[in-house]
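The next part holds the structures, each set out as structure tokens.
In what comes next, chain A is part of two complexes: it sits with chain B in the first one and with chain C in the second one.
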Partner chain A sequence: MSLLAQSSAVIGMNIKSLPRRLWMSLAMVLASAVVVAVLLAFLAMAKGFEATLQSAGQEDVAFFIRTGSAAELNSSVMKEQVDLLREAPGIASNENGKLVSPELYVIVDGTKKSSGTDANIPLRGMEPQGLALRHNFKLVQGRLFTPGTDELIVGEGVLRQFEGFELGNEVRFGKNRWTVVGVFSTGGNVFESELWADAKVIQTLYNRGSSYQSVRAKLTADAKLEDIQAYIKNEPRLNQEVQTEANYFAVQGEGLSYMAIFGRVISAVMALGALAGALNTMYTSVSDRAKEIATLRAIGFSNLSAFIGTMAEALVLALLGGFLGALAAFLLFDGLSTSTLSGSFTQVVFSFEMSGQLVMQGIWLALIIGFISGFFPAWRATSVPVAVAFQSRG
Partner chain B sequence: MKDLYLVYKNLTRKKLRLFLTSFAIFIAFLIFAAVTALQGALNSGVEMSADNRLVVFNKINFTQPLPYAYINKVSGVDGVKNVTFANWFGGYYQEPANQVVTMAVDPDSYFEVYSELVVTPEQKANWLQNQAGVMVGERLANVNNWQIGDRIPVSSNIFSNKDGGQTWDLVVEGIFTANDPQVDTGYMVFHYKYFMETQSWGGDYVGWIVLTTDDPALNEQVAKAIDENFANSQAETDTSTEKAFNKAFIEQIGNIGLIIFGVVFMAFFTILVLVGNTMVLAIRERTGEIAVLKTLGFSSPRIFRMILTESCLLAFLGGLLGLGAAYLVVGGLSQMMARFLPNLVLGPDIVLQALGYMLLLGLITGIAPAYRALRLNIITAFARG
Partner chain C sequence: MSDENLFELKAVAKRFKKGKETISIFDDLNMTIKRGDFLAIMGPSGSGKTTLLNLLGGVDQPTGGEISFDGARIDGLSEGELAKWRANNIGFIFQFYNLMPMLNAAKNVELPLLLTSLSSKQRQQRVDTALQLVGLADRAKHMPSEMSGGQLQRVAIARAVVSDPKLLLCDEPTGDLDRQTADEILEMLQLLNREFGKTIIMVTHDPAAARYASHTLHLDKGQFVDKEDDDVLQEKSA
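Showing the complex of A and B:
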């Protein structure tokens, strides 16, 4: 018999006899499933959060905040400074003039549906050009706010996670009353966790005078960030720094990257524990069948085929567990919408995102567990001399 | 004594299995204790809040300021004992990423209201005299290696200094500690008046007001009186107990915390189930031997006790090692992460909980085989073997 035929015979035998060792086999499957599910839960969370922030930033939008302020919330930009920034080199225009959007960013309280407690929602003050700067901005219900009135539009994320923001509702922040006149989508990114209203109205209601907090500007195709940096440097009245919007959000998105690290560390440590359990299972399973394996070898099966048979058994069980774990993680977490505190002190609504790539990482982990927990017992089973194996009890 | 020797022999008969089983238990308890400590650190703000302390914020949101005049009005409310106030400074040291929690406070009343903080009268007097002086919490001082008398440049990511730039030179006049290790001392406070005079925007507002009531029973009444006082004014207030506020703040992190801890604890119990399965099987293998012991005259209760002892010993062997490792890990982490996660300690409550689970693991895995052994009929056992 060829090695291939021998091996497949042994593999078939081992797999078909799995139900006989039901509890042992289940333990192995469970061990692998748990580790994979834990890993995927963490990765899907980190991935979803990152995607929500990163997809908001555009490479061809320049983003100005006061030097050292790190986030929009802390920054300030005076009206004169906005006018100066408007004249910076490389800024694109449309039919309404320069594509520059000075914005305000204040925090208001909303009531979370999940817990019934108050949480921070950003209320962004904008001018009409601001909407032109958001790619894939879309009104899904109602209409835009009318400048100069206390109307606001609400992101789909806010609508999903917070109470009382339905179209037509009146909402109250402290003394101020607002009317929800529209619901917008920006393709799932972080802007959907915000409320948008007219900048001038917010300046009045929040005692901001004529100041803003950040400025966004669309760049022309041949614009260079260095030229803008040089322009700011040569203008003593400006104390802003410039970066692409994509860069700003990439840094903000790192907020939950510790989740991914934490998840990897936890699942690595847990994998060690599960591995110990799986090894135990496989050793017991092999020593239970020491005589059978010895018999195979005595009637002419090669050591290698016996080895491969045991390995295959471990791999199949681990892989089965891996798929079960991935499936459980997928069913429980994929698309799960939740919100958390971001670096800028406000709620970001995001969804867990399970991708094929993540599932592959889980499957790899399962394969590693299967390989290690199969290798050593298989090695032992085939390296014991046949005669000794027959003498052993069991 | 002889029984213990037998138990020991049984435990160590398969060294590899003993090692693997203890290792899995070790990992399970390591994760359990470390993650529970982490969870405790996140919640410590809630547990450490004083019962009679209330916080007054702007109703719009806690990032919105309150008029300075409110302080006097709040002091006048019946049932209010001490009042102080604070302003968020948005401080960082040297680099924006290196955030330092800094608040501008009223130096006369701050330590009265936060009575769990300990500061020597001498240091406090020095601080009161020095406008540019700063009181640093012990943990923060340790992290940055600051000593009394050090001049530290602290920058703000929000405010600008009138002299230009965003940096204030402050002098460490004192280092405060707390009467409980779980109280956060990872921040520093400096003079509100000095802050207001030197920052470029000026204005007469405060970030928030903190007060203590004469008696916790008065909390609700006082909170209501304050909020009613400012109803329909330019800045409405929201007064809550410190505990409720901290709890709400943690809840802002949201159910992802819940999800994480849920996932980890599920994994912990699964590992225990797996290990339990192995332990049960390991004893079941020995049915024949137990029959021999019985034949030799070992009484059934004696064998029952021996098996339970064995499974509990195994559970505690791995579990205690895991708990010890978690203690070291948490100790190391709390050094490393003192800046982000103060109050990371492996408290006695976690140890007790872990010990409880170990005992439970030992009993549950031992009870089924022990019971079988108790009822074992020698004849059938031999017939089967």
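Showing the complex of A and C:
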């Protein structure tokens, strides 16, 4: 009871005396805020990118690419192989037949609105069944492309980030002209960074003969990947490997996990700088209150309560900075749309994604800054003998 | 130790290390202080007045000898035990008041009571009584920055007596005040001594202030150089 009352009183006095050290205290708050905001910006970027990729992949869709190919871009699947894969065990059907989508994946140029520079956009060729394999596909403007024509539909991410893809526009990729006839959404995932057109048209325009680059197939509820793998192994004409679509995108996302690592490293370096400033602030605080601390100790307040009071001040300032940084990061970055190069050398459009879990990481960082910057000055404040501390008296 | 003795110092030594040199403040200090005494300690700067006050107040420890308070040894107590002992027995009055500038007069006076198990209401009653005693009941909500030096010292006195300690230790309590205000403060200390039986030890440079005490001891170079009367037993080191 007594320690609680003592500590509460000391904490209250320290907080009330903050205006005496306003600028130094504000500097500590600001330093913590900047560190937390930078950390959260990187984490939100990594989280947004990861979510964009991972939400595209489905567990019940089998994804086939040539063995040894890391991505669709450098894979190839011949038409005969597609026909063989249609017969693999566990492939689901609908009224139009087997739910199998052989697809092409070529790269075209687009101009980024943000920088005016050219960047790669994936142009995906697909057949009508391909749409049935995108569970959250939604046409938000216009209509679907007509098979056999040079029409394409554009993902919302491309529309947002690149110039000239508005509905009805004509776009040129090399010698080829295309008309934008629709805009689609796939719930914010990676497919929204793509242009979709008829696979046969792309095969012709890009001299791909009858080949494709990947095959997606809807799995039945009781399908097992092992059975499909065994089927491929026993069929010498097949040189594809199979995995779930979810797994494919998870692996693709790992390539850019450097964002989160980079963010943490940058934040750690900045945190060291903030820590130096925070330590200076807290040592000044202790020095500023040396007579008050000594008086309280002389009256009979315990060292522990003086220690807790200084620690609390440091934690409050750092936490204030942490919340400020989190708020700034939320206001500035949450939902911010941007694009970056993916593993397929194409631009993936994604949004920064702030979450409570990320904010907690920022708050923990602020608490660490507060703890370290409070501990040593608090220790000094209470380890100096009272008689010595009184020598600073006016 | 006689029951009427509050303090007893036996062969107390206090030395400081300064580099390789050892500086001795006291070598063999012996004294007793009776209950209810009002003792003034005078002496030139560096004579050991403040060091003696720190030893008596338990904010410093001797390097040798024994200090007994109310029959119990206090030298050798741990930091935490000394803090409790100070809270239970000592009221401090400082030259520059040492009030908390961010707390009003009542909150300053309440501080020692936070170390007790008194309820908030009981604490409030005690604070009101202490402020009435020093004539500042109407200034309870005033901040230190809104008060004169004399008022600040009276708040400090109220803080020193609010927990009803046996002993008041005053370090130059009138050193920052004009003569008239100083006299008012000293009369208040005299009142606390005579009417409330508080034992008071006051360090001062001011002979006029010392005249309010019942006894005066003179320290010079760590030794008492004058023995004012027999009520205060002090023995010069050999």
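We take it that the second predicted complex is superposed on the first by the 390 of 394 C-alpha atoms of A that agree within 3 Å, B and C clash if a C-alpha of one lies under 4 Å from a C-alpha of the other, contacts with A are read in each partner's own complex, and residues count from 1 in each chain.
Definition applied: contacts are C-beta pairs under 8 Å (C-beta built on N, C-alpha and C of every residue); 3 or more make two chains touch, one makes a residue touch a chain.
What you are looking at is a predicted structure, and each value in this text was computed from that prediction instead of being measured.
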Partner chain(s) touched by A:V108 [first = chain B, second = chain C, both, neither]: first
Which superposed partner A:F390 touches (first chain B, second chain C, both, neither): second
Partner chain(s) touched by A:N120 [first = chain B, second = chain C, both, neither]: first
Partner chain(s) touched by A:I232 [first = chain B, second = chain C, both, neither]: neither
Dominant toucher of chain A (residue count), chain B or chain C: B
Contacts of A:A70 with chain B and chain C, given as first, second, both or neither: first
Partner chain(s) touched by A:V286 [first = chain B, second = chain C, both, neither]: neither
Footprint overlap on chain A, comparing chain B with chain C: none
Complex interface listing, chain A residues touching chain C: 1-2, 5-6, 9, 13, 16-17, 291-292, 295-303, 385-387, 390, 393-394
Residues of chain A touching chain B in the complex: 23-24, 27, 30-31, 34-35, 37-38, 41-42, 45, 68-71, 73-74, 106-109, 112, 114-115, 117-120, 173-176, 206, 259, 262, 266, 269-270, 272-274, 276-277, 279-281, 283-284, 333, 338-341, 345, 347
Chain A partner contacts - residues on chain C that touch it in the complex: 51, 54, 57, 59-60, 79-80, 83-84, 86-88, 90, 92, 94-96, 98, 100-103, 111-112, 114-117, 159
Complex contact set, residues of chain B against chain A: 16-17, 20-21, 23-24, 26-28, 30-31, 35, 58-61, 63-64, 90, 96, 155, 157-158, 166, 232-236, 247-248, 251-256, 259-260, 263-264, 266-267, 270-271, 273-275, 277-278, 281
